[in-house]
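These are the structures, in C-alpha cells.
Shared chain: chain A. Partners: chain B in the first complex, chain C in the second.
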Partner chain A sequence: MTPRARQTLMLVAGAGLLAFFVWGAVGLPDFGHYRGPYGLVINHVAGSERQVTNAVASLVFDYRGYDTLGEELILFVSVVGVATLLRETRGEELPAGRDDATEVPDTSDALRVFGVVVVGVTLLIGLYIVAHGNLTPGGGFQGGVILGSAVLLVYLTGELVMVRWVEPGTLLEILHSAGAAGLVLLGLGGLIAGGAFFHNFLYTGTEGGINSGGIIELGNATVGLEVMGATILMASELLEQLLVVRRGSPA
Partner chain B sequence: MSVYPYIVAGWIMVVGFFGIARSRNLVHLILCVSVVQSATYVLLLAIGFRDHATAPIFQGVAPTARAVDPVVQSLTLTDVVVEATVVALLLALAVDAVKRFGTLDPQDLRALKG
Partner chain C sequence: MNVLLGIVLTLLAIAAPAVVMVDDPLRQSMVLGFYGLLLASAFFILQAPDVALSMIVVSSVLIPALVLLALGRIRHLESRDDE
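And then the complex of A and B:
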C-alpha cells in the first residue's frame, strides 16, 4: 500500500472512529456532573479511617492496593525486558574492556557547577514528595521519578564518568527488586495480620501527620525505591547503547 | 456544550492514530502511541470532574467539602506508569531494529524482513 493510499484510508477510518466516539460521549453524564458513589465514599472516609488527607494516595496504596501491585509488577517486568533486549545486543558488539568509559568529559564548567547545585536540590525535592505522599499531591511514583532524574543529572553533567559506577547495576537491581518485593510483603502482611490482602494492618497515626496512613506511607516508600531504580536502570541501559553506537562508528 | 471535554479526548486519540499510520520514523511512531494513550488521561479526568469542586486533597479542607472523584485520578496514575513502561520497551525494540536493519523507517523494516 502506498503511503498516500494509507493516509486516505486512515483519514476515513479516523473520521468514522471520531463520529462513533462523539455518539458514545453524548450518552455520558454531563461534564461536571459525575455520579459515581465510590469516589464520594472514599473522599469522606479517607480522613477518618486512615488519617490521610490525600484521598488518591489512600486509593492507590490501600483501598485499591491490588491495582497498584499489578501496575508495579508491570513496571518491574518491563524494566527487566528493556535490560534483556539491550544487553543481548550489547554483549555481541562490545569487547570486555571498559576503560574508554572514563574519557575526559567535555561538558563545560558552568554546566558542572549547575549540576552539583541542582542535584542536591532535586534529591531533596524527591524525598519530600515521597515522604508526603499521604498528605499532599505526590507519592512514590512521582517522587521516585524525581529521585531517578537527580541521579541522571549527574550523568548529564559528568558525561561518561558516571556510567562507570552505574553500569554494574547490581545495586540498582537490588534497589529495584527490593521496592517491588516490599509492596508484595506489605500486601502479605495484611493477609497475615488482618485476613485480607492489603488490609491496612499498621498504626495509622494522627490525621494529617507525616506518619499517618499505616501501609500507605510504607507503600509510598517502597514504590519510590522501585521507581527510582527503574528510572535509572532504563535510562542507563539506553545511554549505554549511545556509547556502543558512538564507539562503533568513529565520528 | 457539556460533552466537549470528552470529544477533546477522542480528538487526541484519532490524531495519535493518524500519526502512527503516516509515521516514517520508529521514534516518532512511539511518541504517537503515547499521544493515543494520553487521550485516556483526558477522558478519565474529565469523567471524574465535578462542578465547583476542589482536588481530593483534604489538607486544611473539611472532608465533607465537594471534591472531584479520586478513583479516576488513581486510575490515571496507573495509566501514566504503564505508558512510561510501554514507551521504554518500544524504544528498546527500536534500538534493536536499528541494529538489525540499520533503519528507523517502518516501511523499510517490512521490506527487509520479507
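And then the complex of A and C:
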C-alpha cells in the first residue's frame, strides 16, 4: 500500500470515528442527570447498610468486590510476568558476589536531603489514603501506589542501602502475594460465614468511623499491600538490572 | 464549574497532541505527567475524586518512574555495547 493510499484510508477512518464519537457524545445525559438506577440505589444504601461515607469504596470492595478481585489479579499476574521476563533476560549477568556494589556512583547531597524530607510525608499520605478509603476519596490502589513510590524515593536517594535491605524475590514477593491472597480470603470469608462470595461478614461499625465498612476497610488494606508490592517489585526489577549492568561496566 | 471545565478541556486539547509530538522519551514522560495532572483536574471538576486520585498516582508517579528506570537501563546497556 502506498503512503498516499494509507493516508487517505486513515483520514476516512478518522472522519468516521469522529462522526461516531460526536454522535455518541451528543446523546449522553447532561452532567448531574444520571439516569441509571444502580448508582442512585448505592448512594442511598451505602451509608445505612455499610456505614461508609465513600459510596465508591462500598461499590468497589463490597457490592462489586468480585470485579475488584479480577482487576487485582490482573495486576498481580502481569507484574509476576514482568518480573519473570526481566529475570530471564538478566540471566548469567549476575555476578557471584553481588554484595559489593561500590562501583555505583553516589547520589548528590541535594537529592538525599530532598529524599529525607519527602519520604516521611509521602509514607504518611499513602497510609492516610489507604486507611481512610472507606470515608474519603482514595483507597487501596491510590494509597498503594503512593506507598510504593515512597519506597522508590528511598531507592533513588540511597539505592544501595535499599537493594541490600529488600532483596527482590523474597520479602517483596511475599508482600505482593499476601495482598493478593488477602482479598481472595476476604471473599471466601463471606462464603464461609454463610453468605455469598464477598458477603460483608464483619461488623460494619458506626457511620463515619475509621473502622466502619467491615470488609471494605480490610479490602482496602489488602489491595494497598498488593499494589505497593507490585509497584516496588516492578521498579526494583528494573533497578536491579540497572545496578547489575552498572556493576558489570567499569566505573 | 463550566468555565473551569472549559479551561481544563482546552488545555487538554493542547496537551494531548503535545505528548505525541515530543520526540525524546525522557521529555515525553514529563509532558505525559503534566497531561495526566490536567486530566485528573478534569475528573476532579466533574466530581469524581476517586478517579482523579488514581489518575494522579498513575500518570504523574507510576508511569514517569517506570519510564525513567527503563530509560536508565537502556542507556547503560547502550554505553556498554559501545565499549
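Keep in mind that, in the parts below, the second predicted complex is superposed on the first by the 203 of 251 C-alpha atoms of A that agree within 3 Å, B and C clash if a C-alpha of one lies under 4 Å from a C-alpha of the other, contacts with A are read in each partner's own complex, and residues count from 1 in each chain.
Criterion: a residue touches a chain if its C-beta (ideal position, glycine included) is under 8 Å from a C-beta of that chain, and two chains touch if they have at least 3 such contacts.
Given the structure is predicted, the values throughout are model-derived calculations rather than measurements.
**Q** Which of the two partners, first being chain B and second being chain C, lies in contact with A:S149: first, second, both, or neither?
**A** second
**Q** Would you sort A:R64 into first (chain B), second (chain C), both or neither based on which partner it touches?
**A** First partner only, chain B.
**Q** Based on the superposed arrangement, let me know which partner A:S78 touches: chain B (first), chain C (second), both, or neither?
**A** first
**Q** Thinking of the overlay built on chain A, is A:V56 touched by chain B (first), by chain C (second), by both, or by neither?
**A** After superposing on A, A:V56 lies in contact with both chain B and chain C.
**Q** May I ask you to decide whether A:I129 touches chain B, chain C, both, or neither, giving the answer as first, second, both or neither?
**A** Only chain C is touched by A:I129; chain B is not.
**Q** Spot which of chain B and chain C makes contact with more residues of chain A, would you?
**A** B
**Q** Contacts for A:L17 in the overlay, against chain B (first) and chain C (second): which applies, first, second, both or neither?
**A** In the superposition, A:L17 touches chain B alone.
**Q** Identify the partner contact of A:F31: answer first if only chain B is touched, second if only chain C is, both if each is, neither if none is.
**A** In the superposed model, A:F31 contacts both chain B and chain C.
**Q** Could you tell me if A:L239 is touching chain B, chain C, both of them or neither one (first, second, both, neither)?
**A** second
**Q** With the touch criterion stated at the top, can you tell me which chain A residues are shared between the chain B interface and the chain C interface?
**A** 31, 54, 56, 137, 141, 234, 238, 241
**Q** Would you pull the chain A residues touching chain B in the complex into a rising list?
**A** Touching chain B: residues 3, 6-7, 9-11, 14-15, 17-18, 21-22, 25-26, 28-34, 36, 38-40, 42-44, 46-48, 53-56, 58-60, 64, 67-68, 71-72, 74-75, 78-79, 81-82, 85-86, 89, 93, 135-137, 141, 208, 227, 234, 237-238, 241 of chain A.
**Q** Spell out the part of chain B that touches chain A in their complex, as residue ranges.
**A** Going by the criterion above, the answer is residues 2-7, 10-11, 13-14, 17-18, 21-22, 46-51, 55-59, 63-64, 67-75, 77-78, 80-82, 84-86, 88-89, 91-93, 95-96, 99, 107.
**Q** Considering the complex alone, what residue numbers of chain C touch chain A?
**A** Per the stated touch rule, the residues are 46, 49-50, 52-54, 56-58, 61-62, 65-66, 69-70, 72-73, 76-77, 79-80, 83.
**Q** In their complex, what parts of chain A are in touch with chain C?
**A** It comes out as residues 31, 54, 56-57, 129, 137-139, 141-142, 145-146, 149, 152, 231, 234-235, 238-239, 241-242, 245-246, 248-249.
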